[in-house]
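One structure, pasted below without further comment.
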Amino acid sequence: MITSTAPFELSETRQAEMHELYRHLHTHPELSMQETNTAAFIQRRLQALGLETFMCGGTGVVGILRNGAGPVVGYRADTDGLPMKEDTGLDFASKATGTLADGTPVPVMHGCGHDTHMTVALTAAQLLSESLDVWSGTVIFIFQPGEETAAGAKAMIEDGLWDKAPKPEIIYGQHVWPGLSGTVNISSGTAMAMADSWKITVHGRQAHGSQPEQSIDPIVLGAHMVVRLQTVVSREVHPMKSAVVTVGTFHAGLKENIIPATAEFSVNVRTFDVDVRTRVLDSLRRILHAEADASGAPAPSIEEISSFPQCYNDPASADALIGEFQAALGEDCVNVVPPVMGSEDFGLLAEALGVPSVYWMFGAYTQERLDADTPLPGNHSPYFAPDVEPTLGTGLRAALTSLLSRVGRSEAAQ
Amino acid sequence: MITSTAPFELSETRQAEMHELYRHLHTHPELSMQETNTAAFIQRRLQALGLETFMCGGTGVVGILRNGAGPVVGYRADTDGLPMKEDTGLDFASKATGTLADGTPVPVMHGCGHDTHMTVALTAAQLLSESLDVWSGTVIFIFQPGEETAAGAKAMIEDGLWDKAPKPEIIYGQHVWPGLSGTVNISSGTAMAMADSWKITVHGRQAHGSQPEQSIDPIVLGAHMVVRLQTVVSREVHPMKSAVVTVGTFHAGLKENIIPATAEFSVNVRTFDVDVRTRVLDSLRRILHAEADASGAPAPSIEEISSFPQCYNDPASADALIGEFQAALGEDCVNVVPPVMGSEDFGLLAEALGVPSVYWMFGAYTQERLDADTPLPGNHSPYFAPDVEPTLGTGLRAALTSLLSRVGRSEAAQ
Amino acid sequence: MITSTAPFELSETRQAEMHELYRHLHTHPELSMQETNTAAFIQRRLQALGLETFMCGGTGVVGILRNGAGPVVGYRADTDGLPMKEDTGLDFASKATGTLADGTPVPVMHGCGHDTHMTVALTAAQLLSESLDVWSGTVIFIFQPGEETAAGAKAMIEDGLWDKAPKPEIIYGQHVWPGLSGTVNISSGTAMAMADSWKITVHGRQAHGSQPEQSIDPIVLGAHMVVRLQTVVSREVHPMKSAVVTVGTFHAGLKENIIPATAEFSVNVRTFDVDVRTRVLDSLRRILHAEADASGAPAPSIEEISSFPQCYNDPASADALIGEFQAALGEDCVNVVPPVMGSEDFGLLAEALGVPSVYWMFGAYTQERLDADTPLPGNHSPYFAPDVEPTLGTGLRAALTSLLSRVGRSEAAQ
Amino acid sequence: MITSTAPFELSETRQAEMHELYRHLHTHPELSMQETNTAAFIQRRLQALGLETFMCGGTGVVGILRNGAGPVVGYRADTDGLPMKEDTGLDFASKATGTLADGTPVPVMHGCGHDTHMTVALTAAQLLSESLDVWSGTVIFIFQPGEETAAGAKAMIEDGLWDKAPKPEIIYGQHVWPGLSGTVNISSGTAMAMADSWKITVHGRQAHGSQPEQSIDPIVLGAHMVVRLQTVVSREVHPMKSAVVTVGTFHAGLKENIIPATAEFSVNVRTFDVDVRTRVLDSLRRILHAEADASGAPAPSIEEISSFPQCYNDPASADALIGEFQAALGEDCVNVVPPVMGSEDFGLLAEALGVPSVYWMFGAYTQERLDADTPLPGNHSPYFAPDVEPTLGTGLRAALTSLLSRVGRSEAAQ
């Protein structure tokens, strides 16, 4: 099996093409499950490379690269942007807009770096399709929509992904993160947190702003809910266990002199441990209901927005890949790390088949940048702008390393 | 001077026309300072009655009805609707929409009853123009926009209202309210509260929802501000003095898993007493800054939205009018009341000239309705739907009584 | 009937005695319903003046001064001090201590000025007993214990006060307050607020300070209750109605590294209006239970500490007395005022008999003092130290005026 | 070196004596730095066994057992009880009382199990002094006062502990905890958290309970501080780092109708990481000051109560001891665990000398008890009552194992 990606070293031309591809994708983000143009663009590229493709789960795209006998391996890249206003100042910054489910128009940005994921996957597909002699087997490229809402992996599976595509023995995937460019972070076992999101509707009673006694004030009630929720993490979770309870949105009222009838907010919960998750979600429900009682209000409506499973790296597969990475990138460039609080629906793709999967992070910032700016903007920041190189090159190398660890021809490594 | 509006008793035809006019206005509300169609409609009606008209302060309309020598008297009706979704179930309910200053599309409703004000004023103008023999002098009908935002009276004055219109010796005005239809409520001296509205922008630091430690969470900060503001009324205002601090809007965040950079909310303060107002506004500022400090956040931005002066009824003029009302409506139908917490920019129109003004309320609900439903929806409720009669008839009678108390021919009363 | 207290002008000697009496009482305060030494002192003084006396309601003392035929009139002075540390710097400041019901040792101070009340009543008894020729009838001096806890008037009535003493046609009483010395404030109708006090026991679960997840933290819960209670006044009471919700004590925990099992706090509610009282008390109960639910804690224990009725001045009697005061003190020195938020159990004494009562305030500070210090310490302040004169002289004059308005011989006024 | 404590197996008589000793100590707890009777009792026992003793750091006792040439080893037991009311129902439960620094009388209980620590140490001293042939060297028994307040170790060091006693090569110590009796938990490296405790005095302004507008309410302010402090753990600490912020006491006010001038509360902070500790303490200070600002109050007074260092087990020494424990207690009975959130000043004793130290936990509850009750009361619970055996026997065996690992005669193990 090859442990080098040497045959895939990028020419200057190929690198320029990859950078051009990245800038294009960065400029044109689309919201989760609305990645229509992105999907069409990807499908055209894959078809041009000679891959079989099919659409799946709405705006998902699958590209199959067959190259004779051998293992079947999956590689997943996610494709959606975020409802946020880009503030990077890049000359190729996004000016795109989209529309939320409730009709609100919003700016859109690749604020989570999925543009780098697509760039790497498309370039890997290109290189593999150009070097068929050094590997054999089948690679399935899964361009998954709606990662940010935990909707995409589920949608692809429900749309028959594994009825339509060959069954891989493992699925790989990776995410850009605000660490040292040129390095990867990888965990064995649990890699990322569970995430549960709820939409809460607080039911009050509307009144003129000068008549609070006629109202049940949903803003005052909602504010007390937000304040009270802080005690779940501060007092109910074991201090050596991890949990996050974030209220990411709060919306109520149209005019300062009308006490509105309702308030809406959303809660996002991160946990690693099933018991902690259960306690936190139970406490959330208990607090939300009790605070409504304290206001003499009806019970709040609680609606699930999404529920991300834990992202779990099969230990044997992860340990093997760590060795491959050390050989390909250098030992100094591979960090074996504890899990992170972020979440992913990546794991569902392999779980649906009962096969293992491995997910890792690749760094976004050069040492110069890390030294200069502190703290550097992370994912979901309006300033998130990875240094293009060695970020993309490392992502590409890591992707190829993972795939070739399964489908590489050992003689090629000689 | 006449003390009867007998010559103005409505014929069945005229009443039907008035009701038709009311339904039309109710169906077509427009947002504050955007009353373009409403203004055009009013101007056409006034011109059809033979009044001189001019536009003033953007969407304000002034109609001058000259009828020989005699006093000059002003009468003001406000014209704007509210950004709220009507839920009255009326067959002529509003389906109108509008756009807030920040571009948000909103439903619009005459939720404060300004449609009744315009109906009464237009009908009074019609009747006065048809019965020139029973009065002499000049009546100025002021159709003022933007009452809800305290922008309209100011805009008309700044646009030269009193340069363009004759100077009245007094200005009258009235408001519909959820009391017994057929009655009026009137105060001598202070009639309505001062109202100050602020827009607060909370400045935090954006981060991924799983990384609260990287953020300054503006929703948690804003919630603590809202909670802390409750202490101003509960602990800082003398219990026998009146104050209201309402947070009418709170908006932050686009996605549950992004901690946003900012939150925006609005505060509406009602007071009667200048010292109380000063203390409350000072305390608001103090709390908002200190809570930002508590989060390690920058100082919040505080921007004035509007500032309503006290609505003050000149005692001599009010007392005289109370007598006229008792004669015209019956003693049982005139309630002399303490001031209310609602606010008005009505007073500015007379204050700009240094002349007195008087403002009163006319009831919206029949006894049957009051007996049946408790509590009945008030102004700014999505269910606010006055009983058409005797509400409009009483409003009309009160308007004419006030005007004729100044311009009525005394022989007509014989 | 006399309208002058001229026959009772104090000699220099008598005034010096009165001041000495005041200093003695000030130095020796006792806690509510523990006024043993105070009662013994009063009884000795009254007996020395020749009055019949009896103990009543534990530490209450009644003195009856009979002087022939004529009306029977009651006059009440309250006798208890407060658990607070005096900080006036007076050379006769209290160093007394007492013990609360739970065994806690506390400093004691006449922080509410009941020492002035006793001084005035004892001096009035002395002067009346020395000038029997200018009046006729019976005066009942009621030295009531436990006013601060609303326990004393109830205790005296239950102990058969009106079985043992002649039935008066009216009862008078007065209170010192931090206004202009030499003046009185008096209301016709409602004079003082209702007051309800509760002791709340919050039931949590104890744990080591490092194990919050094992606890139900009663301090965090109690803090949220205190914060949430602010919304009752700020959002639930009509802004033109009056209510106060004060948490006067909060006690929990013995050591910083033990999360305690319970917290105790007390709430004191002031209202004028029965409907407001009902809503406030209902809301308190609702919030306290709901906040316990929000913590997953058992229901809190709620125990009534005291319940003061409204203090109501019979309007006819009050109006008559206002006239007498104007004649005796000068019109400028009698202020007819709206009710105050303070509370009294004074009213119970007359209510038990169905006779009227009148209560008023006499000022504590000279104009020089009012000009110099702002704001001056009020009742229940550790710095509360009335200017001895004209405070005591005015209180004495007001007391005699009220009594003589009933029992004065009209010829004496000639 | 011996790896067995076989020569020290307890006879039935010795065990009965140990249990009697335990019950005596349990019945007679004393507060931190007030352990006068306890110290006298210990000193008498040590002297009776022939040890040299000296008092140190007030109520600390040191006993030196010299047995020829060989290593010098320290063993520490802490001696103080807690201000809490015992509720175990044991027939030898404590009825003791003590007095806090501010004069408050309190019940006292060995609620942290230091009675078991003393029992084990005294029994170990007895057994070692009776079996001088199986070991050689010097053992220093340090009976340290004031562990709960972090005052005792400091006081002993400052009082010249290491000038007066021989210098040990290592110091051992242990704590009872609510795990399985018969087992020990031990960490290599960090063993226990840093703990910082502060006393906060909130400065408000006193007023009558009916006049909140005259006050700066320190209870409302303190409650907002407690609520706001929750955000430090919930929003400012990395979710994978550990921190606890406990408010263990809150005291304000003497009477429900007086708004007090001040409130006092205490905060106890636990952290493992110096950076986290710095951020948490900085945030506490920031929040406490800002909340005072929000009330318009003066800055709060912040006073350090205690500051516990991290408890750190020298890895080489801990690893060696783990092996000894496995041999002596059985592998199943030795759990190598991550650090716990509890704190200790134990580490200071060795740190002052620059020698290593090792600290571990021994379980308190039998399997039957663990199965029956859930959750079982932990340290600082009023119900904390360890099962006497095998708890004390295991603690004794662990203590002897640690000491003999250094001073045991290797031939004895043959």
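The letters A, B, C and D name the chains in turn, as written, and every chain counts its residues from 1.
Following the convention adopted for this analysis, a contact is a pair of C-beta atoms (placed from the backbone, for glycine too) under 8 Å apart; a residue touches a chain by one contact, two chains touch by 3 or more.
This structure is a prediction, so every number in the text was calculated from the model and none was measured.
Pairs A-D and A-C differ in how many C-beta pairs touch across them, and the larger number is found at A-C. A repeat of the C-D interface exists among B-D, B-C or A-B. It is A-B, with more than half of its contact pairs matching by residue number. The distance from the centre of chain A to the centre of chain C, with each centre set as the mean of the Cα atoms, comes to 68 Å.
The mean-CA centres of chain A and chain B are about 50 angstrom from one another, to the nearest whole unit.
Computed from the mean C-alpha positions, the centre of chain A lies at a distance of 46 Å from the centre of chain D. Residue positions of chain A touching 2 or more other chains, listed in rising order: 210, 212, 217, 220, 224, 227, 230-231, 234-235, 239, 244, 270, 341.
If you check the complex, the residues on chain C that touch chain B are 227, 230-235, 239-240, 242-245, 270, 338, 341. Within the complex, the chain C residues that touch chain D are 82-84, 100, 103-106, 111, 148, 193, 195, 197-199, 206-212, 214, 217, 219-220, 222-224, 226-227, 230, 244, 246-261, 263, 265-268, 270, 305, 340-343, 375, 378-382. Those residues of chain C whose C-beta lies close enough to touch chain A in the complex are 210, 212-213, 215, 217, 220, 224, 227-228, 231, 234-239, 283, 286-287, 289-291, 293-296.
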